[in-house]
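In the two assemblies presented below, chain A is common to both, partnered first by chain B and then by chain C.
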Partner chain A sequence: MAYQSLVYGFVFLPLCLLVYQIAPQKWRRRVLLAFSYLFFWLLSGKLIVYLLGTTVFVHCIGIWLEWLRSEQKTALASAERCEKKRIKGIYQKKSRRVLAFGVLLLIGILAYLKYYNFFAGNLNGIFGSALPFTLEEKNILMPVGISFYTLQAIGYLADVYWGKIRAEEKLENTALFLAFFPQIMEGPICRYSDTAGTLYSGKSLEIDNLTEGYIRIFWGLFKKKVIADRLAIGVDAIFGNYTSYSGAMTVFAAAAYTVQLYMEFSGCMDIIIGSGQLFGVKLPENFRQPFAAQSAAEFWRRWHITLGTWFKTYIFYPVSMSGPVKKWNQYGRKHFGKYITMLGTSAMALFPVWLCNGLWHGARWSYIFYGMYYFTLILLGIAAEPLRDRVLELLHIGEKSAGLKVVRIAKTWLIIFTGELFFRADGLRAGIYMFRSIFRNFDLNSLFDGRLLELGMSRADLIAIAAGCVVVAIVGAVKERGVHVREALGRKPVFIRWSIYYALLLAVIVIAAYGDGYQAVDMIYAGF
Partner chain B sequence: MKKRKKIILALIIFIALLWICSAGIQIVARNVKGAINERSRVFASVSSEPEKTIDLLVAGDSESYTSISPMDLWNQTGIAAYDCGQPAQRIQETYYVLKTAFQKQSPKLVLLETNTMFRNPGFLTNLQLSLTEPLNYHFPIFRYHNAWKALFDGPGGLKSGYMGFEIRDKTVSYEGDENYMKETKDKTEIPEVTRIYMDKIRNLCRKNGADLLLFSAPSPVNYNYKKYNALKEYAEEADLPYVDLNLRYRDIGIDWKKDSYDKGDHLNIDGARKVTEFMAKYLTDNYQLPDRREDGRWKEWNELAESYFKELEQCVIL
Partner chain C sequence: MEKLMEILMEIDDSIDYEKEKALIDDRLLDSFGVITLVSELEDAFDIDIEASEMTPDNFNSAESIYNMVKRLQEN
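Presenting the complex of A and B:
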């Protein structure tokens, strides 16, 4: 039951809303939990035990960490001043061990389910008969959303450890935080401090929330069903048979896949955030006009924001503050100067972030390559910063120059499209083949001689995609100027506002790629 | 309270818009049937037939429209029949295709091919179909929404259609066991969803004054004695007549070396003509269906039959 399915929109969601509203306030979070587990069970069946196990485990570790903190407080209260440092040290060590135990077990489960076969296959492939044993590949079933709820669970434990939040006392609350059905499949990866308040409030349904929530859901459906699912047909055709296409078609495929991925993922986010809003639950945004980014680093601050924030909070900062990096800072400043030290520090902190980013998407070399690609580009961006500033100064080009902005955005698009080409390609070898075809056999004519219409998309499909992209781009441009679209619409006269809403609804119903002739397209990020 | 009223008004306007769009798209769909995808096309096609011109509706999955040829039936008996089967038709679709046909037609008999009665795509798909089919029926904008594409892609070409029947002139022999109806007491289970929708189909036929006849087309790939037992028991329970042509395929003259289209799954044109001939006799013996051949309102049927036989003459079974 995907979020864009009729069963979700017309049965599951209304039923959940109804039961939620009928239930007394203190029972409402239990209603959400029951529906969340039902949703998960419908998707993953008996694999729900992983989610249940993770929930109980995370809850217990959280309580344990909280207990250690209160013990530390008690011990410190009655301790002599000279003793306090020692006591703090003891409890910090204990807490760190508990956290490490919790995190390692969670990562261990994820690693086994997601990476075992990749590891076994590569080990066997590299060492072959030199090893006294062979690791057999296994048929491992992975529960849906494990990559999302595991990160959320680790973030929760780290926040409890750092004292940013108090551990949740009620198991049902921890369970709901990890399993809330709108976000279990594709995120956003929520922080406890951001969502717990509205998630547990059990507030009655409000008409404004219902209207805005459903409009947001339809906006998501527009992106997914009008644009992404149509593009999927052409993209699959080219990537599935990449040796038969010219370089120009490869460039088209890379750009089309990037747009498909954005429309699909951000569309699903709209459905998810809209679903949360129906219940008054505020989920964090995951996208902020990524195609307006002027650098690769900025792109990642606008694309899959919650994943980026998670890596920054729980990997980048801790690594930056770790002993080896601090030591390098001292050593580097003494021996290599400020610039090299800064580069070294950035590399040390960014490398694990981008390695994890690549691996998080799946157990494939092309994903690792994808992570390293951005690591290299972002590091090069940092390294080239002084030179770039100097050149701009010499050419008297201001940072806010419109021309410079256009060039930077174009450069970023080039980076993104290339990255997505390798990301989508069926393995690293296929990616390299496709990339090389751009320089060996470009054949611009292939884009205009009707071959595009042989990919399974008709002229009408291409027109629908183009028109849909224009609408999304206009909305994006308005948002980029700081206008809150829904609030702005809210200020319009009722007739205009509701005409726009109806146009959106009818556009989805009439133009969307569903029904006969269209295969339902799975949610891409649910597969990560 | 004021807000609630506004929401109700908004919903009413939305439903009215859907209704207007549905009325418009139905007109468009009838004119660009070629642009409508295959599964939905049968709804548009049967709806575009002139009012009260069909006396026999044939429904079911692909077994239905590969075994009854309305033009042969017309030629032999003058019965105006229409194949409104779909590939892998699910029972919910069977119900709604009949319901759609009954909007303009008053058939005396519905001939339901039984293979569809064993399809069970699972709980979620059944739930989805039980939602989408009524939605498609009441608001055809959902079913024909892709008709707008004809504006850019053209109206599309229709394959030669003979009241829902197409000439399939290929032969891929069935090489399996010809004695596939081995007697047993075992039964295949008829899914619960089928029973629910069969009740609805029976009521629909009763309400519209049409008889319902179950029949199983010859197909060694799809039928066996266990299915026969289940269907026979169901037919007795529901008080419906039932004909299993798999038990009589030798009497019908089916030769699995020559009459199979795809290794015993479906019949080719020769097989279909033999089954139609058998059913023509069965129908004239058991039902009072009118002979329309001399009636001026059915003039087009005679013309269509003529082109059907012309096409048959040109067919070389491969």
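Presenting the complex of A and C:
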């Protein structure tokens, strides 16, 4: 049962809303938990044991960390001033070990399920018969959403360890935080401090939340069904048979896939955040007009925001503040100057972030390449900053010049499209082949001689895609100016407001990619 | 506060630290500026700043940085 399915929108969600509203307030979080487990069970069957096991384990580790903190507090209260530092050190070491145990086990489970076959295949491939044993590939089934709830669980434990939050005392609350059905499949990756408040409140349904939530859901369906699912047909055709297409068609495929991925993932986020809003639960935003970014680094602050924030909080900063990096910072500034030191620090802190980003998406060399691609580009961007500033100064171009902005956005689009080409390609070899075809056999004419219509998308499909993209781009441009679209619509006269809502509803019903000739397209990020 | 101002000016002297209240939110100080600042603060004030302190609230203004330093010195 995917979020864009009719069963989810017209059976599961209304039933959950009904039971939630009928239940007494103190039972409502249990209703949400029961429906979350039902949702998970429908998707993953008996693999739900992984989620249940993780929940109990994370809950216990959280309680353990909290207990250590309260023990430390008691010990400090009765200690002499000179003793306090030693006591703190002892408890810090204990807490760090408990956290490491929790995090390593969570990562171990994820790594085994997700990367065992990749590791075994590569090890056998590299060493062949030189090894006294052969690691056999296994048929491993992975529960849906494990990459998302594992990161959320690690974040929760780190926040308890840091003392940013108190550990949750009720197991059912920890369970709901990890399993809340709207976000279990694709995120957003929530921080406990951001969602726990509204998630546990059990407040009654409100007409404003229901209206806004359902509009957001339909907006997501519009992006997914009108644009993404149509584009998927053409994208699959080119990537599935890439040797038969020209460089121009490859460029089209890379751009089309990027748009498909955005419409699909951000559309699902709209459905997810809208679903949360129906119950008054505020989930964090995952996208902020990514195509308006002026650099690769900025793109990642606007695209899959909660993943980027997670990496920044739990990998980038801890690595940046670790002993070796701090020592390098001090040594480097004394011996090599600020510039080289900053580059060294950046490389040390960014490398694990981008390696993990690549690996997180899956066990494929093309994903690792994708991570390293952004690592290299972002590092080059940092390295080139002084030179870029100097050139702009010489040419008397202001930082805020409109022309410069256009050039920067265009450059960022090129970077994104190239990255997504390798991301989507069927393996790294296919990605390299497709990339090289752009320079070997471009053939611009292939885009205009009717070959686009041989990909399975009709002329009407292309028009629907283009019109849909224009609508999304206009909404994005309005949001980029700081306007809250739904609030702005709320101030319009009822007739105009509801005409727009009905138009959206009609678009989803009438021009969405349903029926003969269209396949139900799986959500891409649910596969990670 | 004077010592802190000297450190901040050395990192970027184009910012008006007395007025600015959104150093992080407005991206006047980027991640690497903050890391350099942390390193300088640890040396100058003999404190340990952990990754958990890396929140915008702690670094958005000279005053908030000063308050964090004082809090860590007292602990």
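In the analysis below, the second predicted complex is superposed on the first by the 528 of 528 C-alpha atoms of A that agree within 3 Å, B and C clash if a C-alpha of one lies under 4 Å from a C-alpha of the other, contacts with A are read in each partner's own complex, and residues count from 1 in each chain.
The rule we apply is simple: contacts are C-beta pairs under 8 Å (C-beta built on N, C-alpha and C of every residue); 3 or more make two chains touch, one makes a residue touch a chain.
Quantities reported herein were computed from a predicted structural model and do not represent experimental measurements.
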Practice task
Quick one: on chain A, after the overlay, do chain B and chain C clash, or do they fit? Just give me the call.
Solution key: fit
Exercise for the section: Pick one for A:E80: touches chain B only (first), chain C only (second), both, or neither. Expected result: neither
Practice task
Based on the superposed arrangement, let me know which partner A:I511 touches: chain B (first), chain C (second), both, or neither?
Solution key: first
Exercise for the section: In the overlay, answer first, second, both or neither for which of chain B and chain C A:E487 touches. Expected result: neither
Exercise for the section: Answer with first, second, both or neither: which of chain B and chain C does A:W498 touch in the superposed model? Expected result: first
Practice task
With both structures superposed, pick whichever of chain B and chain C touches the larger number of chain A residues.
Solution key: B
Handout entry: First (chain B), second (chain C), both or neither touched by A:I207
Key = first
Handout entry: Nearest-approach distance, in Å, of chain C Cα atoms to those of chain B in the combined model
Key = 38
Problem - Footprint overlap on chain A, comparing chain B with chain C - result: none
Handout entry: Residue ranges of chain A in contact with chain B within the complex
Key = 1, 5-7, 10-11, 42, 207-208, 210-211, 458-461, 463, 498, 501-502, 505-506, 509-512, 514-517
Fill in the blank from the handout: Per the touch rule above, chain B residues touching chain A in the complex are 3-4, 7, 10, 13-14, 17-18, 21, 36-40, 124, 127-128, 131-132, 135, 141-143, 145-146, 148-149, 151-153
Handout entry: Contact set on chain C toward chain A in their complex
Key = 31-32, 35-36, 38-39, 42-43, 49-52, 54
Practice task
Under the touch definition given earlier, write down the residues of chain A that touch chain C in their complex.
Solution key: 162-164, 312-313, 316-318, 320-321, 325-326, 329-330, 338, 342, 345-346, 349, 382
